[in-house]
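What follows is a single structure, written as structure tokens, with notes after it.
Should a chain be cited, it is by its letter among A, B, C and D, assigned in written order, with residues numbered from 1 in that chain.
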Amino acid sequence: MDDVVVNVLTKVELNKPVLIVGLPGLGNVAKLAADYLKDAISATKYATIYSKYFPPQVYVGDDGVIRMVSNDLYFYKAKSPKQRDLLILVGDYQGLSPEGQYELTDRILQVVSQLGVKEVYTLAGFAQGHMVENPRVLGAATSPARVEMMKKLGVVFSKNEPGSGLIGASGLFLGIGQLYQMESVCLMGETSGYFVDPRSAEAVLRILMSVLNLVFDLSDLETKAHEIDRIASRLRETEAKLAPPQPEASQPREDLGYIG
Amino acid sequence: MDDVVVNVLTKVELNKPVLIVGLPGLGNVAKLAADYLKDAISATKYATIYSKYFPPQVYVGDDGVIRMVSNDLYFYKAKSPKQRDLLILVGDYQGLSPEGQYELTDRILQVVSQLGVKEVYTLAGFAQGHMVENPRVLGAATSPARVEMMKKLGVVFSKNEPGSGLIGASGLFLGIGQLYQMESVCLMGETSGYFVDPRSAEAVLRILMSVLNLVFDLSDLETKAHEIDRIASRLRETEAKLAPPQPEASQPREDLGYIG
Amino acid sequence: MDDVVVNVLTKVELNKPVLIVGLPGLGNVAKLAADYLKDAISATKYATIYSKYFPPQVYVGDDGVIRMVSNDLYFYKAKSPKQRDLLILVGDYQGLSPEGQYELTDRILQVVSQLGVKEVYTLAGFAQGHMVENPRVLGAATSPARVEMMKKLGVVFSKNEPGSGLIGASGLFLGIGQLYQMESVCLMGETSGYFVDPRSAEAVLRILMSVLNLVFDLSDLETKAHEIDRIASRLRETEAKLAPPQPEASQPREDLGYIG
Amino acid sequence: MDDVVVNVLTKVELNKPVLIVGLPGLGNVAKLAADYLKDAISATKYATIYSKYFPPQVYVGDDGVIRMVSNDLYFYKAKSPKQRDLLILVGDYQGLSPEGQYELTDRILQVVSQLGVKEVYTLAGFAQGHMVENPRVLGAATSPARVEMMKKLGVVFSKNEPGSGLIGASGLFLGIGQLYQMESVCLMGETSGYFVDPRSAEAVLRILMSVLNLVFDLSDLETKAHEIDRIASRLRETEAKLAPPQPEASQPREDLGYIG
């Protein structure tokens, strides 16, 4: 068995496709956004990726049928001249070890490079350590030109955010992508870091929609966001009843910025 | 030394053999069942498997003679037209690391694939976190057809069990087996997770007996089960004497479901 | 992707260059010194080294542009017959795992060996576990001849320092370098081990200046050293106010010697 | 760099040499004995073994000269027809990881197999968890014939010792050696497990002397044993003064048997 097995399911010819990467991480922002995107635009599965760098695990569906832990590559053909062909990478896990992260990212970039990819957008959550009402989308990119392009679309480039850089696939696809002559952007939705965050995923998708000239309905994410809000506020109420009031608890804690 | 060394001990021609996998795990259910099966049907050792993915350890027998940590493959030739040729995988350990789990499973599947295996049954324990009087056998499979087939034999397919999927060899043989065009089933005997569980192994073997049209005596497992029962009830008595009565302790704890 | 990727940026012919190694470690002494050296002598970047043995991380610059975690090799051409051509290895990290340490060191030695390197100086911090006013530079070398040569330049060779040997790149470049017929020296600046230590880096650079017949201004390091002094003394004052006086606290703790 | 580098220092022709393995472990019994043996019989260094499976470390001698962590292979030519040619493996470390243990053992067995080795003796300590006045030497072997041969020389084969088998190089050389058609014995000197134990090393060497028809002076080990005795009894006195008398402390604790 190869260290990374790429099981191609169908042949496809794509025209300079853009790769979108949305793997599990902070607030599940990237995974939520990429899974939503692939469903919203009815993308087609192109390949399933298995690897010894993932956990040795299979999932069991409600029907009792298993599937092995994987990453999956979907494609989408442009519906108008303004759109771009897309490849979307989603999955259950990132690589478990540092070596695995590098090997997986490189192998997948090799595959998409052969399909013509020269441009990558990775999605991520940016943990602020406090609740965020209106999440901004922060950015990082492989060139000043890309930074300028993204600024015009409302992406925030902030000197001290993220301070420690990008850790995991959302950063590695940019870095190793440069060895494949790819230009890339990381889009990070602000999130508390405490909850799954559909609102942050929505903010990231709004930026992606303008980048890619796509239009699709985001109301399902909004519904999910309201649900999470309800759960969070109920938790806060319970906490408030149990604990005596703490004046400093009302202030946002802004010192926990971290990327995932 | 190869990462996985397969030491073949004898030549054998088998007719579409079925692979049974019973490696150590929760409640030792799988190992107990597979070891019992291979002895009950007097299976013959086909190959010994050594690997750097096992612990660097040798065992010393009562006679002072050592043997290295291994997995072992036994074969059984059908005694009647209703039976099937079998391969049975037993062993001291599963692979220590995630990578090791994948590498070992894949290498063994490669070997058995060359012997004609197209069908795999993996055995496992399913930890309920509380004592189980009459253990059910839960299932997972690679296709809806297999699920139906197993249901008819009394295997339970339950929506939320196992919630987190199958971890380790019992799942990987199903997942990687699909890459070898194998159809597979995992049979999980319910167990507390606190004791070695011969009663759960017996339940799993009863299913296997109908699947494979085998008949053999299970009384040794029943004897072992009674022994474990005595030990467990003596432990409970000692506990009851030492601790004051706790009303909630009488309720079963059903929240610890986990697979091994 | 190769385990270690050496991205050569420019062609260069060097005359028996000396390799200087300054990677992160105790008190950041080696990194501070090597980074300072390469800037002070305006060395030119020769190659960038990426590896799966580094953390899966990219840095984001103030302009929003990323760069992947790396080690970097700079070169310097001698400006006078008394000087030597140099290669300087700096970087963000050492290899994460023992295997990674060996693989990275060996691969880099292979590259510099092809450029004609027969002589290596590795820089390091030597943690004393107490504040050091006038840091000595301790040494270790691959031959008695080198030891004598270094003693004449003021490097201290002390029977019990370092007791446990050299751990990490500063030692491995010496050890594996011998397999490439290289003669090497490790220069260890004494440091407390509690703070980044520009004063220790300065002491190491002074030795390097005489070894290599280089002259450059060290005042920036002195400025940094004064800053760290101010921070350290402010910390001590705060501590003194909070804690009752402890007579034994005024004595140096000399039992924490360790190399990095 | 190969995963395991075998640096051969001299050519040698040996006549069916016996391999003795004495690497660091419990009570340092094996290392003490093998180092003592190679010095006592003035064995000659044949090869130095470096590996990425060892810690990334170099030692610094009193003269300031470094050497890399290694294992070392010495040879000894028989001085009389009753003696055997020998290879002795000593070293600073065993492999750090399970994979490293397997890879190192296999690679070294490959080297000595080419030199004609068909017989291996590994040395080890057997931790009893209590002070041992007159350490026995316990054994394990690859065949009943070897067990019988060793019994005649005073080696003890005990049903429940070692219960958990042999862990590390002392066991693996026996197990993997079988794949090279080698017959092997592990000689385990009883030791407390709390101190470096020259008396146990001496007991092991006495057995080796009769096995190999060697005679050499053991008085240096006895001197060392008396030193350790003095240190141990001083520790006990200090303990006795500090702690109130505990009746159960006077009984030997015999429940900690473990191999290294």
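Quick note on the criterion: a residue touches a chain if its C-beta (ideal position, glycine included) is under 8 Å from a C-beta of that chain, and two chains touch if they have at least 3 such contacts.
Quick caveat, the model's predicted, so the values are computed rather than measured.
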item: Proportion of interface numbers common to chain A and chain C (over half same, under half different); value: different
item: Between chain C and its twin chain D, rotation from the CA superposition, multiple of 5 degrees; value: 90
item: Most remote chain, CA-based centroid, reference being chain A; value: D
item: Inter-chain centre distance, chain A versus chain B - centres from mean C-alpha coordinates, in Å; value: 38
item: Inter-chain centre distance, chain A versus chain C - centres from mean C-alpha coordinates, in Å; value: 38
item: Rounded Å distance between chain B and chain C, as computed from the means of their C-alpha atoms; value: 54
item: Chains that touch, pairwise; value: A-B, A-C, B-D, C-D
item: Contact set on chain D toward chain B in their complex; value: 95, 98-99, 101-103, 105-107, 139-144, 147, 157, 159, 162, 165-169, 171-172, 174-176, 178-179, 186
item: Residue ranges of chain A in contact with chain B within the complex; value: 1, 5, 7, 50-60, 62-69, 96
